[in-house]
Amino acid sequence: MNLGEGVQVVSLIVLAAMLTASAMGVVLLPSIVYAAFLLGACFISVAGLYLLLNADFVAAAQVLIYVGAVNVLILFAIMLVNKRQPYQPIKLGIVRNIVTAIVCVGLFVLLSVTVTTTEWGVRPIASVPSTMVKLGQHFFTDYLLPFELASVLLLVALIGAIILARREMLPDIQPSGLGMSENLELLERPKEKASI
Amino acid sequence: MGGIDLQRSLVEVLTGAGLSSGAAKAIWMPLPMILIVLVVTVGALVCTWLERKISAAAQQRIGPEYAGPFGILIPVADVAKLVIKQGTPPAKSDPLLYTLGPAIVFISVFLCFLVVPFGQNLLISNIGTGIFFVIAISSIAPIGLLMAGYASNNKYSLLGGLRAAAQSISYEIPLALAALAIAMMSNSLSTIDIVSQQADYGLLSWNILRQPIGFVIFVIAALAECERLPFDLPEAEEELVAGYQTEYTGMRFALFYGGSYANLVLAGMLVSILYLGGWELPFPIDQVGDMLGIAPSTAWWQIITAMLGITAILLKTYFFVFTAILLRWSVPRVRIDQLLDLGWKFLLPIGLFNLLLTAALKLALPSWFGG
Amino acid sequence: MTLDAFLIIAASLFCIGIYGLITSRNAVRVLMSVELMLNAVNLNLLAFSDFLDSSNLRGQVFAVFVITVAAAEAAVGLAIVLSIYRSRDTVDMEQFNLLRW
Amino acid sequence: MVMIETKAERMVINMGPHHPSMHGVLRLIVTLDGENVVDCEPVLGYLHRSMEKIAENRTIIQYLPYVTRWDYLATMFTEAITVNAPEKLANVPVPRRASYIRMIMLELSRIASHLLWLGTFVADIGAQTPFFYVFREREMIYDLFEAATGMRMMHNYFRIGGVAADLPYGWVDKCEDFCHYFLPMVDEYERLVTNNPIFRRRVEGLGTIGREEAINWGLSGPMLRGSGIKWDLRKVDHYELYDELDWDVQWDTGGDCLARYFVRVREMRESTKMVLQCLKQMPGGSYENLEAQRMQAGPKSEWNSMDYQFISKKPSPTFKVPSGEHYVRVEAPKGELGVYLIGEDNVFPWRWKIRPPGFINLQVLPQLVRGMKIADIMAILGSVDIIMGEVDR
Amino acid sequence: MLKFLSKVGAYAKDAVQAAKYIGQGMGVTFDHMRRRPITVQYPYEKLIPSERFRGRIHFEFDKCISCEVCVRVCPINLPVVDYKFNSEYKKKELKSYSIDFGVCIFCGNCVEYCPTNALSMTEEYDLSTYDRHELNFDSVALGRLPTKVTEDPLVTPIRELAYLPKGAMEGHQVDHRQRRAGQRPEELMAESKEGTEA
């Protein structure tokens, strides 16, 4: 990136704010649909951060895979199974949440302290003509095995997901005619009322 | 080669007028963006006019007639009407998402034009990820469609949004595969490199001759991504009334409408860049210049070639648009399962095969397939 | 623009992810929290790659692998959630007691 | 990136009465499972206008303008059945010329109806353009109708014992012109639609009705003939003078939407040929009969012969429907259009029961669409060819 | 392997066939682009209504004998015939006559059955008002005649199919004064005379 230092700092702050806010939204908002849409915003701001880190290819991949595929998939699933019914309350739910929050904040503090106190051997940023060429060289030389493994993993995941989500070809043991009839009843016109 | 560098000339003019070079660059920065947004908007509006006129001609009608010569002002009237029209969100809709949905679709389409060149130097930024960037950004649009479908509080809209998401996910892969084969041949993802690799022998070096299978895949997938008629299931009028747009009026609808036509223009430009040689003419213009004895750096010659280039790419784009429109008014709509079958069981394997073939040919005939 | 800034952002994202992972009752939201955490990891990797290894970019290579795994995870995870939903008619994590004894 | 096919929640979706592809005001309550149709319940009655009760309070002459509102796309057939029923009950003969005029009008009307069906059917699948092409030809038929009857759709042309007026001069020539013009146009539609792979995949094997099933559901018209039954009332009932023409019953054995498409397209061609034959064979003579059958030329002149004279100008508005009851039917483009008429020697019929083909063909719809995709509802509904005017009456 | 290849071949053939037929369909639509539009640009071009066209009803006051046949044959008994029985002449005297064209369906029964031809049809079909009560025409309004399409200088008249010369299928391409198809009665007479003479 050939942006000025000031521009970079400003965009970092903006992106960080967006990221934190949307991530908080994902976790805290009661509406799962909003949470899912905010997840998309979160992914996009992460992609922006990647751009600040001179990783244009990974940023594009992030947008393509996370926003274009994972997030759409999640939204798809939510809209298919969007059951609008309150969960049964569990005892000590709030206490659990509070304890978790304290632990998480503690973890964050711990990590921040570690980050700030550790001496990172920061080296000056070498300018690479094209990150993509570099990445390609890595993929096809020293990281060839993991690359192939990843493709196998994707294939396995694809097949696994299809098998898991596939409809059973045979109907359930329950005779379908009986089991369905109750579901088929129309919401707006119950049969007994229609006959009166 | 090289053509004219507008940025440099403008900056030179401004610094000559006494501005610092930083300020001159700052003045330059927004200009191409505004220009591109304007050009794309006009292009999309021309598309809507073409859609009306071509459909009318194909149906033995006249089409818009009285608004300007040949009804050319009808898109302006459309936009004016939609802008003035009151937007009425349906009851119990989700007002925030309802407004955000069309905006996301619109923005994602226009962002794609960031890397689409109109000429050798006529693009906003020549980033290395080029065509990959377009594919990545255009994958954001389904989120907007899902948002619109969900927020409309209408079952037709929801079904339309879900269909749009499913469709665009499944057709992105063949699209990317076809583009990948091209990238493999030109050794770059950058749109500029892809075009300049097709420049040598005029018509004979266009990618459509080297990638006929890829061309077919890309065109089909691009039509599906644009939700044009054989694949316009998300807004299928006979089935889902208007799909995710059912509840939209006014400016919000205008965003969807303009977005979809801008998307069509984008698809046309991508097709012409990837397969039809972009701004290159069917004959190598530089050699013509050589023959006429004009030095390539002559100013007026550069301007002429640039103009010819822009005309060429626009003609190619609008040829694609014309074909898409004529196709829309000639064929029926596929069913959702047939659509997904076509995407996953036909285009995907063929696309993979095409990729393999391209790689093999590249090894076998490096001189022809960009070794 | 220092490494620390990016690492702290990543840490905050990670902690938010953990919080969501533990407290969410909706199975889909749990998946989303996992995605957040993976993103935090990626951000770390890229930050290290840029600041410590900018000539080799090995962090970016790893990030691509992580993205791959995340995509696979999302697909399988959602498939599991949906198949559980089909048999149990709920996505409430508290009622997923298939593996309890 | 996988497409997860899931069992989602059932979605009850209300299509109509104002859905774009519900052919007027049909309302379908469709239960969906994702994209699949689990159940479908048609709701009728949004266009109910008490057509049968109105008939019981009108003389036949008064009622005739109403009947074109049953099936407003095959208007001549409703008029034909409305005059045929009292004619048969009162045993009023029809002059040969009148009968030929009627046949021409009926077959033209059949072409018009099938044309519009073709347009909407293909539009239901998504191709909008044929709709405009069929309107071009349909307008020509309506021009012919307008010249002969005075109106494009609501003709009020048939009368008991004949037709309201003879054909205007030049009409026969233009009708012939139309027939010669029309056949290549059908070829054009077929080039545009029939072999289109998308169209084929959308309709082939869709909404299949077997022979037995079709009979058991009481289907008629192209629905029945598309299921492999060669049943055409023009051949079965021998009404009008169809026996004097040389024609075949068009049928197909597929039983699916494509078969019904083929049957209708072939029927259009066949009807054109029949019109051409009628125009060639049309005899001279009177165009209307009088219920009185008075003769001026003496008792020996024969009915329908050249010296047979008609006196009165009009069938009287006080024509009485004689007592008795019977069922009369014609082969309308949609199927068997029938009237069950009970008269009690009054100017008003005592009972006028209409058997609309669309209503009875529509019954099979829920069974056909169950288990199909949403888009198939439109294709199947389109192939059934309903007109809400006659379904609701 | 061979089986697979033949399958691939069949598949490819299928795809080519599909492309061919889609191309054929596009050829049809493309061919239509060069044909003349058949639409009638309504307020500037108008179709000439046919001779039997059933437009707004014209009524001649003096011909009416107040017999009320029009009322009896009307599906809804629409015409209002207000008359007084003049006992001196033993005749009905018509006082007023009106038809509400907001309700009339232009079936033409009244015109067909009128014994004195007091009623007739005009070619006026665009009855539009802002107030539907204005459509209730009394005997004065019923006596007015509309402007003929052929005489309106602002309008290009176009003939309908049935009135075109033989062979012409499109009204746009034919001058509306050209003779229509078919033989006139006098021609028929002449022809038959020739026939009898010969």
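Note that the chains are named A, B, C, D and E in the order they appear, and that numbering of residues resets to 1 at the start of each chain.
One rule holds in what follows: a contact is a pair of C-beta atoms (placed from the backbone, for glycine too) under 8 Å apart; a residue touches a chain by one contact, two chains touch by 3 or more.
What you see is a predicted model, and the numbers here were worked out from it, not measured in a lab.
Counting steps between touching chains, the shortest path from chain A to chain B takes 1. Here B-D and B-E were compared by C-beta pairs in contact; the pair with more is B-D. When chain centres are taken as C-alpha averages, the shortest distance to the whole-protein C-alpha average belongs to B.
Chain centre most remote from that of chain E: C (centre = mean of CA atoms).
Centroid to centroid, with C-alpha atoms defining each point, chain A and chain E lie 66 Å apart. Annotation: 72 Å between the Cα-based centres of chain C and chain E. Centre-to-centre spacing of chain A and chain D amounts to 58 Å, using the average Cα coordinate of each chain.
Touching of two or more other chains is recorded for residues 22, 25, 28-29, 32, 38 of chain E.
The set of chain A residues touching two or more other chains comprises 57, 61, 69, 73, 76-77, 80-81, 83, 131, 158, 161-162, 165. Across the assembly, chain D contributes residues 1-2, 4, 6-7, 129, 133, 136, 192, 196, 198 that each touch 2 or more other chains.
On the chain D side of its complex with chain B, the touching residues are 1, 3, 11, 13, 19-21, 32, 35, 122-129, 132-133, 136, 192, 196, 198-199, 201-202, 373-378. On the chain D side of its complex with chain E, the touching residues are 58-59, 61-66, 129, 133, 136, 139-140, 143-144, 146-151, 154, 156, 164-165, 168-174, 177-178, 181, 188, 191-193, 195-198, 314, 317. For chain B in complex with chain A, the touching residues are 97, 127-129, 132-133, 135-137, 139-140, 142-143, 146-147, 149-150, 158, 161-162, 165-166, 169, 172, 189. Those residues of chain B that touch chain D in the complex are listed here as 55, 58-61, 155-156, 159, 166, 169-170, 173, 229-230, 232-233, 236-241, 329-338, 340, 344. The part of chain E that touches chain B in the complex is made up of residues 15, 22, 25-26, 28-30, 32-33, 35-39, 41.
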